[in-house]
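Here chain A shows up in two complexes: once beside chain B, once beside chain C.
Moving on, here comes the complex of A and B:
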């Protein structure tokens, strides 16, 4: 069930939302909160359920069960994965169309888009067709188009995927601008160095929550300890090891570091999320082993 | 003498009046993972195409295994393009068999690695992206190349799957292959032994991450009124990046930041720059130099 409502609230998000496509459970009882004036990140790989969750938040998809709390359509901004711009319209036409669709007074729209275009270097290409922009420019246009009406909830599906670091900095400038103006901003990403910048992080794996909270909370919630070695450990410990920055991280679920290792390390968000994925993978293969 | 898998010596490539690659020197040694970083338009793709022998340099020389690029050298290269280069309507096994045949390898090269076996009979187009990437890696490695070229190798996969793909890359390097990787992500740059940063067609920095970052600093602003602080910095022409509730301002000293904040209550300190922030600074100054008449 979806409840569009007027005015600002203390949060937008999902309560116990599940989405089923035929026999596939795309989202499995997901709770998510996005607060005004903050950036929240939804992280996961391909097939994790990020896009499904964002479509629910944007009102583009009704959940099979659970509740979505979102503002009305005119107070929501949404950039779908793969850039929601019209390739046959120019930069200026794309923005004028969006502003009109969201009933932004023309003068307000002109001022706001001029400012955002100048901020991100798109002011020199306003006459160019969106289809002829580089990937980074197109994503910037997509984000500006999604925020042209100063929405209360701004939902951006992978705004920075495939975008070079310079354009990514411009995109983060837009994201920060929207949060500074009071919007609840939700971004999907597959990169944790990017998610680490968000105030709140939800990590999805195969449709369900793997971890959530601030980056510090997710790290603090990690069970066990991490050790670093220069070679992959032999035997069973090898299944709890992964490569990072030229060395091997080994997860010790029972806290006690195993002998002969190169010392424990303080985990960061990337470590904590990898451990959560590893724990799930090991539990799954353990269960498969028992059922045989 | 050890033969270098790849070497560019003073390589320039122009398209009409536009110089895409400008006097670039680059070496990839056996067993080494070199990361190539650069904004769009920095010249990375052109350089890769030059190294693969798909383009000829306007000036300078390309050497692969000590010879000019040819069909013979191509046989010793494994390449995973951004688009993966797999046939969507073939299974991973069929893709691998086809590629092994093209490279003149026997059936041993076409045997599927363990993690792919359960997907052996599904067409590639219906597989999850992480599995597709694993298949593309397997295909690029099947003929045991001495040079592996990877364009954005782990885009779109989750952290554990990404770590697994990097294990494969490290395994190829440990077996003696030279590896050249392009990436936009600093997580991936951390997996490389050495980085080469390009901007405006030129190499603007090279070395390990600590060597490249050096003692570069950024200003860090902590304030309950961060939104207001962001606005004040923006107005002063100091774009700030939001991290949690703090703002990071590259290329501006704490004193200047403090003045720009006016009477907004905030703590301003200095902190070591990240690779991404240093990269940003290098790219902007290279673009500014190029823009001068």
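Moving on, here comes the complex of A and C:
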């Protein structure tokens, strides 16, 4: 845990937050912390509850129960799913609107905008309508629009989805720079390689926490071992196998001898998250089997 | 092609509002407009003044409906009754030839009155010829006031000014909020440090400015190009236009806030605009519209703006005699604006998930949004 910088809270986040949409429990008692100066990542599959959690953090959604700690609207920056920019305004006009709405003094806004535009390479297209930008450029615009007022808490919902690798690298530079400047940055992503770069990772599955901590902590907490095989193992072990990079990985929960022709591999975050999801799935189907 | 037809029907079935519009609206519109579409003048509110007022009133048969007989009053009073819209025809009797004053700003009523008067005169001449020929001398002099040549453009342009405002105010404004929803920027707006009131006014002011400019252009063109008279008070007209604009813009925002997409907003705006054009007295005289449908006219802001614009431009009606349309416009404005701003507020408040215990309005305060007790010391 780092010491928060003066004048800022030690953390922002959620305490035991649940969100229910009708009969659907979108978030189930989620605890999450985002610390100033760090990037925190929320990962999970489709419908895991990432966007719901981020909307709560940004103040766009009130939780059904629990508590959200966040700075006031002036000190929060939010990129909603999609770029959140006006397609019929130019790059410069989008940023000018955002700066004015967040009451950034004109001179500061000018400097900050110029700096962010230069950093993203958007300075060459300031007059172009946001709707005419490529997907990657529009995402960059969305991200810099969310940080133009130097917020204490920066909440970015899938800033890199659908973006080419070069633009992704640029975006990550922006994100880490915002954290280095003292902001608590929260990003939702479906890319686990990105999540590995975050200081803190929360893995959600069907609205509840599957794992959390640093990437290393999540990997270390993984039970059992992983083996690699060239073919899918038969029988029960097949249910614990998944394809990755052209080969099959098999999870052995009780560290039993490997069930294939390959050797044991060191798991990474992607493996650990897959295993956690698999373990939950197997436990669920096991429980269902017993109850039948 | 079959696949395309099936797909289209499936989409149509999901968009219930469009489906309802396609099936129910034609029937409703036909019934409403069928009863409204009438140029037939059945009653003409008439006053009679001067020493022989009672006799004159007695002479007038249908369609004249004598609403007031004042033997002690004179021409000036009669003219005032026409100006203030209490009557469309006034019979002024005196020592010499009688005079019939007709309000030319109510063009269909005026034409009907002239036709009926000629019929009465012709009958009088015929009966006069039979009895000795005195009646010809008694044929009244007919004076058409406010629009002496009964020019259609003179009465249409003040009303069209209102239609222009309805188009800008309702249809274009109705796209404003829904556009934010469709482009995904509404959620950004909701979390920005902007008060709902600021967003609301920020949305309205540009349209208000454009509509005001439009109005000035329409009136200017009407007066210069079509020679429409503007004999009344500009400030009174401006005040009426201002109130009317508030109502139409409010309706636009209201429509926008209950629509999911721009298509729905346009449909609704159209449903609000079309009746205004047809039922407000702009085309068909209000008194010709069947009673069963006429009540709708009195719910439409354009009805009141028409009264104001025609009254001020053509008859120089003062504010004191126009208090009723002003009052109704203000009332409509208050209702529409309250509804629109309430809708807007809930639109911008952090969405509360349904079915939970959370308070829908607890979140926008700084620092903490919680369903339980707020955390201490979370404010910056």
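Before moving on, here are some points about what is shown:
We take it that the second predicted complex is superposed on the first by the 281 of 292 C-alpha atoms of A that agree within 3 Å, B and C clash if a C-alpha of one lies under 4 Å from a C-alpha of the other, contacts with A are read in each partner's own complex, and residues count from 1 in each chain.
Following the convention adopted for this analysis, a contact is a pair of C-beta atoms (placed from the backbone, for glycine too) under 8 Å apart; a residue touches a chain by one contact, two chains touch by 3 or more.
Note that this is a predicted model, so its numbers are computed, not measured.
Under the clash rule set out above, the superposition-derived model of chain A with chain B and chain C shows the two partners fitting side by side.
After overlaying the two complexes on the shared chain, residue contacts for A:70 are found with chain C alone; chain B is out of touch.
For the superposed model, the angle subtended at the Cα centre of chain A by chain B and chain C works out to 100 degrees in steps of 10. Contact with neither chain B nor chain C is seen for A:108 once the two complexes are overlaid on the shared chain. In the superposition on chain A, contact is made by A:274 with chain B only, not with chain C. Legend: residue contacts after superposition of the two complexes on their common chain; A:214 is shown touching chain B, with no touch to chain C. Of the two partner chains placed around the shared chain by superposition, chain B is the only one that A:163 touches, whereas chain C remains out of contact.
Contacts of A:244 after superposition: chain B is touched, whereas chain C is not reached. Judged by the touch definition given at the top, the superposed model places A:47 against chain B, while chain C stays out of reach.
Annotation: superposed on chain A, chain B and chain C show a minimal Cα-Cα gap of 7 Å.
Judged by the document's definition of touching, no chain A residue lies at the interface with chain B and also at the interface with chain C. By the touch criterion given at the top, residues 37-42, 128-130, 152, 155-161, 163-164, 166-167, 170, 184-187, 190-191, 193, 226-228, 230-231, 234, 239-245, 276, 279-280, 283-284 of chain B touch chain A in their complex. Within the complex formed with chain A, the residues of chain C that make contact are 183-185, 187-188, 190-194, 350-364, 366-375, 378-380.
Against chain C, in their complex, chain A makes its touches with residues 7-9, 15, 18-23, 26, 55-56, 58-76, 78, 80-87, 101-103, 152.
Every residue of chain A that touches chain B in the complex is listed here, in rising order: 37, 39, 44-48, 119, 134-136, 161-169, 172-173, 175-177, 179-182, 190-193, 196-199, 205, 214-215, 242-246, 270, 273-274, 277-278, 281.
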